[in-house]
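All chains are identified by letter, namely A, B, C, D and E, in their written order; residue positions are counted from 1 within each chain.
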Amino acid sequence: MSLENVLNNWSKYRRGAEEGGHHDYEHKWAMMINLDLCIGCNACSTACYAENNLAVVGKDRFEKGQAMHWLRIERYWDQAEQEFPEQGASFLPMMCQQCNSATCEPVCPVAATYHTPDGLNAQVYNRCIGSRYCSNNCPFRVRYFNFYSYYESSWPEPLNMQLNPDLTVRDKGVMEKCTFCVQRIRVAKDKAKMENRKVGDEDFKPACVQSCPTSAMVFGDYLDEGSQVRKLWDKYQVKMGPAKQDKQEPDMRGYRVFEGLNTDPSVLYLERVREKV
Amino acid sequence: MTGTINRRSFIKMMGWGGVGTALGGCDVPTTVTLEEGKEDVVSYLMPEEYVIPGVGVWYASTCTQCAAACGTQGRVREGRVLKMEGNPNSSVNSGKLCVMGQAGLQGHYNPDRIKEPMIRKNGSLSLVGWDQALATINDKLNAADGARVAWFTGTISGHQKVLLNALLESNGSSKHYVHEVVGNKVLQAVSRDMLGDAMPKYRFDKAKMILSFGADFLGSWMSSPVHFAGEYAKFRTNKPRGLLVAIEPKMTLTGGNADLWIPARPGTEAAIALAIANELINAHNKDAAILPESVRNLIGQHSAESVAKQTAVAADRIKRLAQLLNERSPSLVLAGAPVEGQTNGYAATAAIMLLNHLLGNIGQTIESPGAFAFAQLEATTGGTADLIAFTQNAKDKNLDVAFFYGTNPVYSAPDALKFGDALKNIGMKVAISQFMDETTAQADVILPAASYLEDWGTHVAAYHSEQPAISMQQPLMEKLYETTRGFGDVLLALLQNKNKDKYGQYADYYAYLRHAFSAMPASYKENPASEEHSWNAVLQKGVIKVQTTDESLSTSIAEIDTPTIPASDSAYPLTLVPSVRLGLWDGRHANLPWLQEAPDQIAKVVWDSWAEIHPSTAKKLGIEQGSIIKVSSKHGEVTLKAVLLKGLHPDVVAIPMGQGHTEYGRFAKGLGVNPLKILAPEQEQKTGELAMYATNVKITDTGKKDTVVKIGSTDTQMGRKLVGTVPVEQVRRTEGA
Amino acid sequence: MSIVNEKDINEQIAWAKINADVLRSMANPRRAYWISVAMCLAMIACAVTAEVYQYTEGMGYANLNNPHMWDMYIATFVFWIGMSHSGTLLSAILHIIHADWRKPIYRFAEAMTTFSLMTAGFFPIIHLGRMWNMYWVLPYVSDRGHWPNFRSPLVWDAFAISTYLSASMLFLFVGMIPDLAICRDNAKGWQKKLYSVLSLGWTGTDRQWRNFRKTYMLMACFLIPLAVSVHSIVSSDFAMSIMPGWHVTTFPPYFVAGALYSGCAAIITLFVLLRYYFRFEEYMTKAIMEKTCKLTFAIAMVWTYLNLVEFASVWYGHDIYSKELLIAKAVGPYAWVFWSMIFCGSVLPFTLAFQSLRRNMPVMFVVSLFLNVGMFFERWMIVAPTLSMSHNPHQWDIMWGSIIEWAIVFGSFGWFGLLFLVFVKVFPSVSMYEVKEMVYHRRRHVVNDEAAEKFHRRASDSKTGTDEPGLEGA
Amino acid sequence: MAVKSFKKMKLNMTAYINIALVLLIGGLLVPAWLLAGDVKPPSGDHNGKEVPQPIEFPHNIHVKDNGINCMYCHTYARRSKVAGIPPTSKCMGCHKTIATDKPRIQKLTEYWEKKESPQWKKVHDVPDFVHFTHEKHLKKFVFDRDFPVENVKEVCAFCHGELENMTVAKKVKPLTMGWCRRCHEANGGPGDCWKCHK
Amino acid sequence: MKRYSIMALFGDFDEAFEAIAEIRHAAIPGITTDDITLKSPIEHPEIEEVLGERPVHIQKFTLGGALFGLIFGFFFLASAQATFLVQPQGGKPVIPLPSNFVLVYEMLIFFGVWITFFSFLFLSGLFRKPHPLYSEKVSLDQIGVLLEVDEDKMQPLKELFNKHKAVEIREGVIHQ
């Protein structure tokens, strides 16, 4: 048994990240966010709260920087020097980038965060011992730690009736983060499996993607040539895997945040477009 | 979903560990396996085919978190509704949903809901049964002169409106006041007069350029945020990509997404618009013939240069805007709250809307929605004029009975109106409400309303999207509290008291709706043969698409009296902008934790209210980020934190609405301040709306300081590429945008 | 001049006296002793209270937040680990190179190693969110087919620290066996029983001595690479990450140097204390103090050098994040910590270069304390600023430890103190048999040298003798 | 709270002993692959305790004597993650007429008349952070390998024991992670943590 | 014939040295230095000049232990990593050598040290109950020379010891 296991694992996971560690995966969930369409309205963020049982921490703890928003919208002013931000604000929906060579994975002492055959950064809550190393090693700072037990404070009766039974309510001492709504993926895959087919674009969307009023977010399976997200990645000539992108049209929009750090994120952002008047 | 009996049995269907299933005992050592015989599991009594435990089912319904009437669908599992999403069938929001819609769940499951009817007996509220409560009301109604009975509601539409009108009629009363703080009544008035339709259809998807004078269509404008966000997406993804210019006192969400954002002091917009018109006529020889003489003269008085002096908006910039508008036709010029909220708001709005005529946008990007087939169901949109009128009536002791539903005037009325005192003159105040908000707290009879996720109903969007429709509302789960009732049921009960013979036949509002639906023309039924089938079909779709007879807009431009720029007051040098947060809205959502914790889109502050000040102004006053300041008008003052924000006109101080509740449950109570309280009771001359942007204030520093609770430590990206920005030319080259 | 060639120890000292003095130090504790024990217990009490509160309420009360997932606890952990290294330095390295002046002072240094490790071990556990699951870090056979993630530096820590702890404990114990035999021979009652067990029936036969010598040497040989590896592994907790200011190639040597540095400083502190408390003037002589100080000074310079190397490599490197962080360290909110670290770590040691100061015990005591404060700052400067100002500026944040954290850190010193206090009363804090050896060998040298000295003296006398008249004549 | 924490530590004592054992065995030169790999399958029987149910439902009569298929009552098993307790209406479907004189049935009828459902006690339960679906297991073990559906009880018995010989259900399999895992390894089930942990 | 055990205590190591040297040069027939056990408060490597080479075996055990740590360590880690139910690395090698080097290094030292310690316990003749002639002086400042001899050798030995200024001579009978 174990020997077989060795051989399987070896043949399956031999390939390194630089040659696209994800090639052997069943799926490679990926996202595309068009920052030109993102109006920063928070719909995605709140949808995430509703879907993923995110705790509301309250004013004091928010002040201490202990908020639990998996998907936060970062707002920047581009023109620091001008008196008025005449180009408006820049909004950046920042959630876990599900890096292929994630920096959070190797450092977890108990392998509570690891890479699934779907190419996701899994976070197994009940395995986590709360060393918080993963979060320290995350350049995007998108991992959130349960510093307290929120169940009573955040969901007083009967608010707790809203909790989504498809995923746990994390208790204190556990690290958590965006999972691309893995519970939805799970349901969709089960359904597809029962119908003996592969999961397609239309089967499900993560809560944020579903709710986005301007449809700025696109989600899908990168390995599925036909999927919308794959087409977009190809259109913007960004490949998953290689450290160095070779775009035929270098001016093409489309970049990944902190690409230089070579963590190979699965979220493609399209630059925000502004017209000089 | 057949009949109400099964609905009733929903509660019995709950189970499968109920709520417990969600709590993953992550705290206990994970070596545990659950011990047997600890958890209860309740089997169904009489299951329905479509209900499978462990499998979520989506039911269509309608969102009533604001007046937009977005179609929603809620995920129901084991008899609990868990998640709200947009209903793809609804052309209002086409499957999307905003923050407020998402958070509707927390209103439904809110721990601070009123569970039972209450009656105020010598000062203190006491729980009573429905029968007694209704009896008390009916006695009063029967006794009272119908003309002295008033209904005070928020925007209302659909069969609730029908029933309400019937009720008023049966009372012989015409006193129905519709109050919304966030509304565009002035713009509607202008459109009605100019175009012959209060709410024309704005075709963003056709427009090549949008010039918005404070019209925050991504936020509060026409209170249909999701719809316009979708339109905005079309507008941006057009080829060529649409150009958005926003001229407003405080950067709204729309301004934040504009290509060019120009700060303007409230009240100066009209002048700018006229200057642009002037340019269009003189520099780009647009045909001014369509305009009446006086208007042409008026435009003539506003040359770019002169206006530039008055408004500090550079002349060449005005010229440039005119040029762009000329180039990019068809375009769209919109006016919003800051323009309307002036004493001469009507004129100002008219001056702006007139640009659309000049640019020939009418019929191009501004179309007639057509006549709605069921006029009686159409929405009655609310404004602030009714608030003032009601207050006046109450002051004059013209009211014996007043019903309050879906609005919270005690909170939203400025102190100067003395609304509280006025209320005292009303013999009996009946509040139909889910929560103990400020108004309800003053009521004599309190009827606990069912949440919109527990209730039946029909709604019609005030602003008609491409496909006008009746949006169906159905319960997504069994009532949390058996003793609450839907608004429709209450109306029906009151009606049955008035004329039994007509309304006695309906067991409840649901029955009434079924009847109403069966009365609809056959064309609205999927299968005219089977009533049941078509009804279920409608419920499944969630919307009834309504045919409209298309009409064209008139382009009659009346006189426009000169929009004067308000004189600045040396004692009160700043203008107060009571801004709307997409989230807390006018304060009705302050009790939803998700929305409290969702940062303001621009200032990124949470859980609090604050005053936005431009750094230059703050410098003058020696104010820093987080210093506690006193913002005082002639009619009151509020004390709150200062937040320095560049997206602001220097002569303006912006305070977001929504906080400062004295009641309204644990999450809202005693948090922040309410800017509406210090508004001056100025009225727009023509429409009588409250001039909300015409209040002058001054700032005094208390010397205290506190940390501003917000996300985001830096305002700039520190030269690190988090959000990349590219010029449109580059995109044109690469993507042909 | 006479000072210069002062002896490390007076070789005429009688062996019986050595026994007597050291055994005296173990006997009847004085009032000062009990007071200090009470103080230590009080400090521990603070820590326990704080920890219980944090355990039940949640880590949040340690002022931790999204950017700052680590802070005081880890800094203190590194601090204590570092403290532990000097013992090895003195007992192992100096043993191998036959620097016999180590002999009177290495015992308490080695004890310090063990105890500071025992203190350090607490901190990774305290800082865990769910400490009741901490055993998951260790590789054990489980029904679930689970293993720790062997690629995580934290797991390396677990391995390294347990190895180091057990090894240094053994080393301490083995080195103590002959002394324990002495204790046994001089003890009565229950103590005799205790020491009979501990001394494992040591009777000083030539066979025992032979094996003993070999064992001790072998262990020393193991301990040196171990000590180096342990702290470079601790450094890799940071160096293995991609965070600016952590992802530094020179961290392993830098940490080791820092460790030896703080350790030596601690030795000086305890040196002074023991010398004063137990009247060990004859064994812990100023000459030995001087040597220790010189050693410390040398290490301080190494540490300074590595600091400069790091700064330079960051400054001239292309990693913009690290560079901005470095600037922020020097001028940002943490600047005062940074500069006091530089002062305590690189400027203050120059006091060790002056003989007069070196020989002044109170001064050395104070200086050594400041050196350690500097080293604590160093650890704080490693942990906190990086998290405060890492890649994503949106999440930047400044933080200082909370009262809870300070209480626990404070208590850790109490714990260390308690262990040490118990040690000095139960075990000989000066190695008797080795001091005897030292004395023995030096006496032999003196005997052999006497003839030579006589000769020299005669020569110089004759020289002066011849010169004098000439001078008078002039 | 202190008590709570103490409880936790105590619960882990077994694990500490476990660690000690490992270090010992490791020292005693047991081949490492033996440690890591072939763990013996568990003695499947977990001696669960009798759970008092509102109505002590006799599985044996229904399954063995009357040969009713498991999925006739637990009808959701092949459509959902949960197998489902049969709705009261289903019970009454037969028991309106059958065995109406039996005290249990009368009890049931009372419930039915009160329009209430009995508050059954859960017997087979997994921790809340575990995602287990009946439908997929049935698919794999029954439908995909064309296992005769009428014998489905044999498949159910994998995890639920032979209910045909019990009255009230009793937990006879440990349902621990290791127990699940070994079966997954043996039958090529997914080994991905997130397949089962939510 | 009776056997005695005799121990002479010397105040000075050189005296003891001389005494043993004399015995080594067969001053008394039938007594060789192999019978001698030297007891000293400190270590006297130089005694081997007269006492003769006496081997030490600990280092061999140490080597063994270290090697065991090395090999067992690596195989333990490797097999654990290879048979991990889920491979948590996402495209990186199943058995990552760099980290294993570190861990194996630690385990090498771990086992090395412990084996050394145990071998010391077993090889250096500890855990014996003290010899009847044992004197506390030995742990203080005197050198003891211990032999077991036949009755007839006693007299010459005592003389020899006294010649070398033995501070004290203890003797005891071993019954047979």
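Here, a residue touches a chain if its C-beta (ideal position, glycine included) is under 8 Å from a C-beta of that chain, and two chains touch if they have at least 3 such contacts.
All values reported here derive from a predicted model rather than from experimental measurement.
**Q** Which chain is in the middle, if each chain's centre is the mean of its C-alpha atoms?
**A** Minimum centroid-to-centroid distance belongs to A.
**Q** If you tally contacts for every chain pair, which pair is highest?
**A** By contact count, the leading interface is A-B.
**Q** Cα centroid separation between chain C and chain D, in whole Å?
**A** A distance of 57 Å separates the two centres.
**Q** For chain A and chain D, what's the span in angstrom between their mean Cα positions?
**A** 34
**Q** How many angstrom between the C-alpha centroids of chain E and chain B?
**A** 91
**Q** I'd like to verify one number: the distance from the centre of chain C to the centre of chain E, where each centre is the average of its C-alpha atoms, in whole angstrom.
**A** 30
**Q** Hunt down the residues of chain A that sit against at least two other chains at once, touch-wise.
**A** 2, 5, 67, 72, 74, 76, 92, 94, 106, 108, 111, 114, 125-128, 146, 149, 167-168, 172-174, 258
**Q** Would you give the residues of chain D that are in contact with at least 2 other chains, written as numbers and ranges?
**A** Counting only residues that touch two or more other chains, chain D contributes 8, 11-12, 15, 33, 35-37, 81, 127-129, 176, 181, 185, 192-193, 198.
**Q** Out of chain E, which residues touch more than one other chain, so two or more?
**A** Within chain E, residues 76, 79-80, 82-86, 88-89 contact more than one other chain.
**Q** Show which residues of chain C lie in contact with chain B when the two form their complex.
**A** Touching chain B: residues 130, 132-133, 320-321, 324, 391-397 of chain C.
**Q** Taking the touch rule as given, give the residues of chain B at its contact with chain C in the complex, in rising order.
**A** It is residues 27, 29-30, 711-714, 716-720, 722 of chain B that touch chain C.
**Q** Name, in rising order, each residue of chain A that touches chain B in their complex.
**A** 35-37, 39-43, 45-47, 49-51, 53, 56-59, 62-63, 67, 69, 72-78, 80, 82-92, 94, 125-128, 146, 149, 151, 154, 156-165, 167-174, 187, 207, 210-216, 249, 251-253, 255, 257-258, 269, 271-277
**Q** Provide the residue numbers of chain C that touch chain E in the complex, in ascending order.
**A** 14-16, 19, 139, 144-147, 149-151, 155-156, 159-160, 162-163, 166-167, 170-171, 174, 178, 181-182, 184-186, 200-215, 218-219, 222-223, 225-226, 229, 233, 236, 433-434, 436-437, 440
**Q** Which residues of chain A touch chain C in the complex?
**A** Going by the criterion above, the answer is residues 61, 64-67, 72, 74, 76, 92, 94, 103, 106-111, 114, 127-133, 135-137, 139-141, 144-149, 172-175, 258, 261, 263.
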